[in-house]
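See the structures that follow.
Across the two complexes that follow, chain A remains constant while its partner is chain B and subsequently chain C.
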Partner chain A sequence: MIMGISRAIFTYLIFPGIAFSFFMGGIGWWLERKLSARFQYRVGPPWYQTFLDLAKLFIKETTIPTGAVKTLFVISPLISFSATAMFSAIVAQGYFFQKNAVADVIVLLYLLIIPSLFIILGAFSSRNALALVGAARETKLMLAYEFVFIISLIIVIIKSGGSILLSDIIRYQAQNGMHLKSASGFIAITLSIFYIQAKLGIVPFDMAEADQEIMAGTMIEYSGPLLGFFRASKTLLYFSLPLFIITLLGVVPGDTLPAKILFVALEYLIVILIISIIKNINPRARIKDALSFFWFFLSPLGIIGILLALKGM
Partner chain B sequence: MGLKEKILTKSLWVFHLSVGSCNNCDIEILDCLTPRFDIERLGMQLIGSVRHADVILVTGALNKKSTPILKNIYAQAPKPCFVVAIGTCPCSRHMFKDSYNTISALDEVMPVDLYIPGCPPKPEAIIAGLAKLIKKVTRK
Partner chain C sequence: MIRSDFFLIDSLSKLIGIFVVFFTVIIFIYSLGFIKTKKLSYYFWFFVTALASLGVCFSNNLILITIFWGFLGLTLFQLISLHSEANMPSVAKKAFIIVAGSDGFLLFGFLLYASLSAQPFSNASIAAHALPINSTLALISFILIAIGCFAKAGCMPFHTWIPEVAESASVPVVAYLPASLDKLLGIYLLLRVVKDMFVLNSAAQAILMIAGSITILGAVMMALIQHNVRKLLGYHAVSQVGYMVLGLACATPLGLAAGLFHMVNHAIYKSCLFLGAGNIEARTGTGELDNLGGLGKFMPLTFITTLIASFSISGIPPFNGFVSKWMIYQGLIDVSSSSAWGTMKVIVLLSLLCALIGSGLTLASFLKLNSGVFMGSCKKPAKEAGWLLLFAPVVLSLLCVGFGIFASITILPFINKAVGGFSLTGLWQPKLATGLLIMGVLAGFIIFKIMSRKIRTVASFVGGETLTVEEEVKIGDFYNTFRQLAPLKGLYALAEKKFFDLYEQTKSFCFLFVRFLRYLHNGVLPSYLSWCLLGALGLFFAFFK
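After this line comes the complex of A and B, so read on.
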């Protein structure tokens, strides 16, 4: 009994749960910065920079703006962090020990929306004009990218025989090869990559946090540990979001744990590389352009993908 | 040397504040981020909001209009936060010393941790100055 509980705690907190995701996410974020630096012929930060930045935020002072809605302002980062922590624990569990994956994709989708929602709420509660602009942009962007992601989820669900359980999706792919190989799976991964880009607020979809226009937008009033919690949840998402996409679309059949870790590391590297290439060859899009890109280009593409999936392609 | 200072100085986020410069110093600050100088390798990052700042880089000569704004912004920054005067203007009021509008140098208004004189200072000088700031903080 005690063994079982301590084992569960270990798997949720250390490996492959929160600590592991956190470490990989930090490395991924650094890799993205380093690649951007190399694209611009710069040297770039050392590999531990993400963790140092976070540690530094936790030793700084917290300032709360006068006139802010204090409670909401303070709890928003905490809720956002706990939702992402839960999300990463469930996804990592699901991928590495398929038996434990009881969660379905609807729960995961719901957990994914919470951080963005509380970023918006935190910005609204901070009583800053630029934060309001950022929050409004994030809201509009959310309408765009969540829709596209739901389409790619539908494709995955259709392809794995109508099951919404993470473990079933994994098992289906382990038996029949990954979804990525088919035409509709390829469309789904395209949509998902843009979803990651928009969700993590990476150029060209960083208009909610645009440093040069609206001075960090939604994050403008946050400082010290509160900002640290937001950044920590982003660090977690840096790994668990690509891992979720890999789980949905690109499971490589492999039984042993080292093989799984190797494949995940490889696929993760490829995702980060694609993300930073998109980041470095595009300027920041205007909110209108981003919306029309998601709604009038990616969504029809996704609907074609659904039709293909229904045909079994 | 404490762990706290070590972490702080390895991840300095700089906030760039012009209180009436001729724009030359600002361009030199941006030069520090270009491929040749790249201060991101030292963990420094130019950020947009003063709430995230560890270092405030002040350029330009203080005048009657910008002094209250500067004080306000300094009060908003979470401590510990260092103030760096970039260029001769904030260090000593430079050629605007006798102007009716520039009433004080920067260090008469707020504590200054580092002065980098020059009109404008070279990027090398700015980086050398920041290295001195790091040394000063970690030795304390």
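After this line comes the complex of A and C, so read on.
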């Protein structure tokens, strides 16, 4: 009993749960920064830069704007972090141990809304005009990318024979090859990569935090540990979002844990590379253009993907 | 189960009956604090509504149901027109014409059903004979009865009375009828239709699913651009019906349970939201988003209850709206993987897509509502509402949490009994998840407390300028980007011209016809005389040719 509980706590907190995802996310974020630096003929930061940045935030002073809804302002980053941590632990356990814990993929989709939701609520509660602009953009962007991710999720569900459990989706791919090899799976992975890009707020979809126009928008009033929690949840998402996509679409058959870690590392590297290429060859999009791109270009593509998946392609 | 010629008391009607009584009690308590004038007639019609609703849920005889159903249209009209404002008569008239007019369809549908299932109409029962839809007549009868349910519950295209009533009738009436009782009864009858009266075929399922999906998306897109709190809520009262209809359209035990559960949840959070909006209006005297703001500090309880209900309606886990939506999705996925027909599969999956997207759009519009009313800069300071007005929202929001986290031990057993045994295919452990979430937040809070001993309060920074919120952003216009996008632009313009309003379309068609008659009836004696002369000539010609 005690063994079981301590093992559950270990898997949740350390491996493959929060600590592991956090470490991998930090490395991924660094990699993305390093690649961007190389694109621009700069040297780029050392590998532990993400962690240093975070640690610095936690020793800085906290400021709260006058007239903010204080409780909501303080609790938003905490809930955002807590939900992200739970999401990361569930996805990582699902992938590495084929274990269904707490939630299926539809619940995971909804859990992923919570971090963005509380970024928006935090921004609203700060009562800053620029934060409000940022929050409005974040909300619209959220509608744009959720649309696309839902479509790729539906493609995955169709292709896995109608199951919404992580373990079934993994098993199906281990037996029949990864989903992304098929035409519809390829469409789904294309949509998903744009989803990651937008969800993490990476150029060209960083309009909610656009530093040069609205000075970090949603984050403008946050400082110190509170900003640290937002950054920490973003670090977690840097790994667990790609891992979620890999679980849904690109499971390589492999039984042992080291093999799995190796394959995940490889696929993760590819995803980060694609993301940073997209980042470095595009300027920031306007929110209207981003909406049109997601709704009227990617979504019809996704609907074609659904039809293809129904045909078994 | 008690069953006679006239009445039927089984686990389903008991469940509905309990909730009818519950909402009657809770909104009665609210009304005690809210209704200040015309008390006698208000409470008279209020309790007649409750009795007629109980009549509907415990009747077995089709004629009896139609009679109680008709009473409800009348009480709706009376309650709306009681506390009249400027444009009230036309709103009440519209609601009455749509609801009572659809009773005609319902009656005709019942008549067809009785004759098709070989029961005498005077004695036809609601749960005696499941008629397979294998002929056009059966399908027509199904559609006619469904129209009756749609108009009562507010499914498109018979929804147009709800947003208008929501905007202009008094708040307890809105929370009582369109938000809770009409949904309970409309969906109850549709559930009976799907479960006991008919055996659905793919065509009937497809009709329900298409109606449901269009309702979800169409109404929520309209809700996004509203400036009035109650009208915004009214559009959501329409949009959520789409989910229930989608659940029922599955016609599997899981789908029926999901639809039923969503209906209960909807009644809970939507009446909570309306009552919260009532508190705000009672204290500030306005429901326009552009004139509200910053009330979170002054009305904390109203704020928290509204926020919880908003999370519920947007399907944020672990609240109750999420659980029922999640069940609906599972029902749809099950139907899609078990159906063989290609077109049906596509329809089911597109409905699933609409349902999932609709929930994101719902969230967006509730972010707008909460930020507009409770956050931002305060334009009108207000006191928190009195305890009579707070009791109902607090109880309802507690139910939102309770039915969300403890669904499997509180309400689901009853629903299971009512629809007859369903099993879930997904996985969601709300108690564990909530525990983990709360522990994470607590751990984070402790870290926050340790790391930041000193917290400084500073003025907010807007690029070094002193801009106020209202100079920068108007919350009411939050989602105007959607209006500017090319394909939506035209749709919004048409919707605002009431092009999609079946009532207005029918009205203009009728007026076209009537205009000709009006032209003839110009009130001038010589023209009437000449008509008589012409008629007499015609008769002469007919008889003596």
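Basically, the second predicted complex is superposed on the first by the 309 of 313 C-alpha atoms of A that agree within 3 Å, B and C clash if a C-alpha of one lies under 4 Å from a C-alpha of the other, contacts with A are read in each partner's own complex, and residues count from 1 in each chain.
The rule we apply is simple: contacts are C-beta pairs under 8 Å (C-beta built on N, C-alpha and C of every residue); 3 or more make two chains touch, one makes a residue touch a chain.
As the structure is a computational prediction, the values presented were derived from the model and not from experiment.
Enquirer: Just checking: does A:Q49 make contact with chain B only, chain C only, both, or neither of them? Give me first, second, both or neither.
Expert: Once the two structures are laid over each other on A, A:Q49 reaches chain B alone.
Enquirer: For the three-chain arrangement built by superposition, which of chain B and chain C touches the greater number of chain A residues?
Expert: C
Enquirer: Under the stated touch criterion, which partner chain does A:Y222 make contact with: chain B (first), chain C (second), both, or neither?
Expert: first
Enquirer: Considering only the touch criterion stated at the top, classify A:P300 as touching first (chain B), second (chain C), both, or neither.
Expert: Once the two structures are laid over each other on A, A:P300 reaches no partner at all.
Enquirer: Just chain B (first), just chain C (second), both, or neither: which does A:I59 touch?
Expert: Both partners.
Enquirer: Common interface residues of chain A with chain B and chain C?
Expert: 59, 61-63, 215, 220-221, 224.
Enquirer: In the complex formed with chain B, which residues of chain A make contact?
Expert: 33, 37, 40-46, 49, 52-53, 55-56, 59-63, 210-212, 214-216, 219-224, 227
Enquirer: Which residues, counting only chain C, touch chain A once they are in their complex?
Expert: Touch residues, chain C against chain A: 294, 296-297, 315-317, 322, 326, 329-330, 333-334, 336-337, 342, 345-346, 349-350, 352-353, 356-357, 360-361, 363-364, 367-368, 370-371, 374-377, 425-429, 432-433, 436-441, 443-445, 447-448, 451-452, 454-463, 467-469, 471-473, 475, 478-479, 481-482, 484-487.
Enquirer: Along chain A, where are the residues that touch chain C in the complex?
Expert: My answer: residues 12, 58-59, 61-69, 72, 74-75, 77-79, 81-83, 85-86, 100-104, 106-107, 109-111, 113-114, 117, 120-121, 124-133, 135-136, 139-140, 142-143, 146-147, 150-151, 154, 157-158, 161-165, 215, 220-221, 224-226, 229, 287-288, 291-292, 295-296, 303, 306-307, 310.
Enquirer: Mind listing the chain B positions that touch chain A in their complex?
Expert: 4, 7-8, 10-11, 13, 34-35, 38, 40-41, 43, 46-49, 51-52, 54, 76, 78-80
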